[in-house]
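Chain IDs A, B, C, D and E follow the sequence of writing; residue 1 opens each chain.
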Amino acid sequence: MLVASHLECVRGERSLFRNLAFRLDEGELLYLQGRNGSGKTSLLRMLCGLLPPAAGEIRWKGETIGRLGEDYRRELCFLGHLNAIKEELTPLENLRASAKLADTPLDEDLALEALETLGLAGRADLACRYLSQGQKRRVALARLVHERKSLWLLDEPFVALDTAAVELVAGLIGAHLQRGGLAVLTTHQPVNIPAGTVRQLVLGSC
Amino acid sequence: MLVASHLECVRGERSLFRNLAFRLDEGELLYLQGRNGSGKTSLLRMLCGLLPPAAGEIRWKGETIGRLGEDYRRELCFLGHLNAIKEELTPLENLRASAKLADTPLDEDLALEALETLGLAGRADLACRYLSQGQKRRVALARLVHERKSLWLLDEPFVALDTAAVELVAGLIGAHLQRGGLAVLTTHQPVNIPAGTVRQLVLGSC
Amino acid sequence: MSKGFNWYHFSSPQTFYPLAGKMIPWFWALAALFGIAGLIVGFLIAPTDAQQGEGYRIIFLHVPASWMSMFIYLVMAFWAALGLAFNFRLSAMMAQALAPTGALFAFLSLWTGALWGKPMWGAWWVWDARLTSELILLFLYVGFIALQASIDDPRRADKAGAILALVGVVNVPIIYFSVKWWNTLHQGSTVNIAKSSMAKVMLVGMLLCALACWMYAIAVALMRVRKIVLERERHTEWVKAELAQEK
Amino acid sequence: MLNAVFSLIARDLRLGMRRQADIASVLFFFIIVVSLFPLGIGPEPDQLRRLAPGILWVAALLATMLSLPRLFADDHRDGTLEQLALSPQPLGLIVLGKVAAHWLVSGLPLTLLAPVLGLQFDLSSEALQALTLSLLIGTPALSGIGAIGAALTLGVRGGGVLLSLLILPLYIPVLIFGAGAVEATVTGVGAQAHLSLLGALTLAGVFFAPWPTAAALRIALE
Amino acid sequence: MLNAVFSLIARDLRLGMRRQADIASVLFFFIIVVSLFPLGIGPEPDQLRRLAPGILWVAALLATMLSLPRLFADDHRDGTLEQLALSPQPLGLIVLGKVAAHWLVSGLPLTLLAPVLGLQFDLSSEALQALTLSLLIGTPALSGIGAIGAALTLGVRGGGVLLSLLILPLYIPVLIFGAGAVEATVTGVGAQAHLSLLGALTLAGVFFAPWPTAAALRIALE
């Protein structure tokens, strides 16, 4: 479904990788690995369509993602290094705003449920500024509970999470794959994801 | 050497922990554990003197840290969730500026060496803005290579680091303890630190 | 196909570089030729003005500079748009090369205008529509240059610059028609002069000077483009070969 | 589709309320500039009355310009901008939403405040009306045009200055017609012509500007 | 000890150079405010000459005030402020260093630029001298006093406004003596008295202000 071919990434004057190709089908997980600075984040941003590749192309269901535009973005859920939450808003407000933006509006009960799943039950009405590092990450991850997108691009989702939360999120990814979703994941932590097919892709050393 | 007694932490209207006490001697590591939001960061900031405890006191070599003031801070190295590096400056400039501030000036060769130890050899002259997440963390951690402070307070130093870097930093902490230093550490990742005595402190659930 | 091929052929920096090198001396020669002719007409042939004295001769620099400042902006925006739309490397470089020359002419127009304004209106500067919009033009050039200079990645710099250049195009008709749309201190358009007695000579002089400026602009822009090509393509084989050859 | 845009506006407004700074600092800046001038210039009422339209419009323009760097910068820093760019709505529409929210928390309060400050300068009631009207018509253009500059300079070295450098030339016509409208009313010429030009600028600014802005944002995110 | 402070100044200056925004945006803002007024007010040279000292001083004050919110905010956001507070130097001294750096990238360039802009207004050479001197003496006070406000409002909801609210009353004396000095020169009274009052304000501002600032910073970090 997601096919990349001959991808090249150039940052500054440095070529991070070239001639990279992979294919990812329904229910499969692509596990991106590589040292710090090897270009994992850059690759994920290419897969989103945020960063145009220096060469090569990316196809979703046979069509290049540039051509698909909004139709591709409608099936996409990207979680980056940054949490994309507003410190002034509460977890509840953050979650509902991001859901509306993704065109999957969420009523308050469902949103509260999602937050509860991530262990934020008592904090739903506290401005995110007061949350601990891990709690902020959990707010960002709460989107995964309800958004039904087919392609998940997750850039180190487990950062700052405690072990219980890591397992929880791994479970969410597993369930997503089971439903026939696709996922691309980077992480430096050893994590056990209950997935059928896991494709490994190791990016060259920087 | 570092003794805390009857510590209580109140955030908002929530009491995160109370009646917390520990003692840490030379060459010992205090390994803080706890769920997200259990107050690890808050405790570390208390130990720095940034956050006054709601109750209890912290003594360094028998004297309360409030009384010691600058003399205490001279022996202290704190690394928080934030990297405290300037995105506009290069790793080299960042490292040298922070060294001067800590009153342990660093000539260029030594600084380059420290950066090299952390695998930033080729990036010393690139503005930090262009670095990957892990590389930024490495810049922040480069201080540990040369600063000879006796108490290290490290708040999740391993976040965003790849496995090689995690081992390296663990080694740095081990060497510090061997030299008779003290360290307080939080991390959610399972890490193997070559330390003599490791004291564990588990903060209550939130 | 063949037409398209030609275009791509000449728009490749590699073929363009030597071609530009050959054209530059010709444009310099033309610039000198027209310049000398224009000066002769302007300073020797054209009679002294009854009201304005010798001072009016500044018109031979002022008007061509004003024209060129507007014209170059249009050309620059054109190249920038082409680069943005089709990703032609060369046309973005063209836009970048034209900007400083355009800024120079805008500055000259303002400066000569101000010099002239002092005796004519009794002030170096008034905030009227023509003067203000010409000042805006200078700001736009400076903004374009500053924006490109402050973005490290040349590809991003090109695209951002192109957007700015295109947005700024609206200013050019405003400058041109400002004297018509608002009643200003500034002189109206050419027609007024055409009615006066010495119109023909002056018009010829101005046109000659304008042609000289035009040729100068092309020559300088080509030189600058060559430099930009070398800098941007310094990692490619042909540039390395070229540089080795020059040594 | 429009639904998502409205919710974006609502979110930005809620953020503005939560922070308050966004609204109040623009307003407060406006008040300061307007009230400081009499202090610096001297209090002759005749002179002040003559200067009022200019001072008020310049102050409104500056106040808007100051709030611009943050228009996209906060979203950029915390990763929200990526999410906006990845949402299934056209980015231009999203930008339009943000421009609308920006106007609601800067241009609109300025407009509402201006007549009160104008009173200070002893302006006649027609002049006050013309002032309010010109601000109401003109300030959306400031937000719209400003968005282009904010997007172009996002994350760029020397962003703040560059922004002013890029935006200012484009603001000058708004200033001239805006202050012109008030002056024309004061001198009895009638503000009609100025106001319709201002309206044209605003229409162009609000409906044309989001597209280059969206393009510039995509470039900034690369 | 002073060594560390100087190195802090050096770092801040280098940051300023690297960002350019810090220096140039203040300057550019200053230029804009000063040049926009003739646009809004109308170009009669006599009137402009009379208004020049006030406009220039107000503009300098506003430009300084605008750069204040970022005085500590950047350091706060990226964690540097914690490190500053934890360094073995007295925090007051560090603040003094930051104030000095702030003046070097805002007050000083403003002072150097002012006579050039004054020329635009057709000021006499004595007036220009008085203007420059008053700015040179007065601007350090703006940085020093401003630091208190910046620290008090750090990370506070509605910081921007609050900052202006807190700082403005303290700035007004500086404005009055500063513009007063120039006017006194123009009217031939002599600027001596104004300038020495200004000097006193600056001494107080620069050497007294860092201590409350440091205390406020510690509170902000809790």
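We adopt the following convention: a residue touches a chain if its C-beta (ideal position, glycine included) is under 8 Å from a C-beta of that chain, and two chains touch if they have at least 3 such contacts.
Bear in mind the structure is a predicted one, so any value in this text is a computation, not a measurement.
Peer 1: Could you tell me which chains make contact with subunit A and subunit B both?
Peer 2: Neighbours common to subunit A and subunit B are absent.
Peer 1: Figure out the least number of contact steps between subunit B and subunit E, where 1 means they touch directly.
Peer 2: Graph distance in the chain contact network comes out at 1.
Peer 1: Quick one: how many steps at least from subunit B to subunit D, stepping chain to touching chain?
Peer 2: 2
Peer 1: Quick one: most central chain, C-alpha centroids?
Peer 2: Minimum centroid-to-centroid distance belongs to D.
Peer 1: Could you tell me which chain lies farthest from subunit B when each chain's centre is the average position of its Cα atoms?
Peer 2: C
Peer 1: Per the definition of touch at the top, where is the C-beta contact count highest among chain pairs?
Peer 2: Looking across every pairing, the one with the most contacts is D-E.
Peer 1: If you average the CA atoms of subunit C and of subunit D, how far apart do the two points sit, in angstrom?
Peer 2: Inter-chain centre distance comes to 32 Å.
Peer 1: Give, as an integer number of Å, the spacing between the C-alpha centres of subunit E and subunit A.
Peer 2: 45
Peer 1: Can you compute the centre-to-centre distance for subunit A and subunit C, using the mean CA position of each chain? Integer Å is fine.
Peer 2: 49
Peer 1: Per the centroid of Cα atoms for each chain, what is the distance between subunit C and subunit E, given in Å?
Peer 2: So the centre of subunit C lies 40 Å away from the centre of subunit E.
Peer 1: Can you list the residues of subunit D that touch 2 or more other chains?
Peer 2: 18-19, 157-158, 162, 165, 168, 172, 176, 222, in rising order.
Peer 1: Indicate the residues of subunit A shared as contacts by at least two other chains.
Peer 2: Those would be 12, 81, 88.
Peer 1: Considering subunit C alone, which of its residues make contact with at least two other chains?
Peer 2: 132, 150, 152-153
Peer 1: Would you pull the subunit D residues touching subunit E in the complex into a rising list?
Peer 2: Interface residues on subunit D, with respect to subunit E: 18-21, 24-25, 27-29, 32-33, 36-37, 39-42, 47, 50-51, 53-55, 57-58, 61-62, 66, 157-165, 168, 172, 175-176, 179, 183.
Peer 1: Hey, which residues of subunit D end up touching subunit C in the complex?
Peer 2: That would be residues 148, 152-153, 156-158, 162, 165-166, 168-170, 172-173, 176, 204, 212, 215-216, 219-220, 222 of subunit D.
Peer 1: Inside the complex, what are the residues of subunit A that reach subunit B?
Peer 2: 11-12, 34-37, 40-41, 81, 119, 122-123, 126, 130-135, 137-138, 156, 159-166, 188-189, 206
Peer 1: Would you pull the subunit E residues touching subunit B in the complex into a rising list?
Peer 2: Against subunit B, subunit E makes touches at 1, 3-4, 7-8, 11, 14-15, 18-19, 77-80, 82-90, 218, 221-222.
Peer 1: What residues of subunit C sit close enough to touch subunit D in their complex?
Peer 2: For this pair, the touching residues of subunit C are 129, 132, 135-137, 139-140, 142-143, 146-147, 150-153, 156, 159-160, 163-164, 166-168, 170-171, 174.
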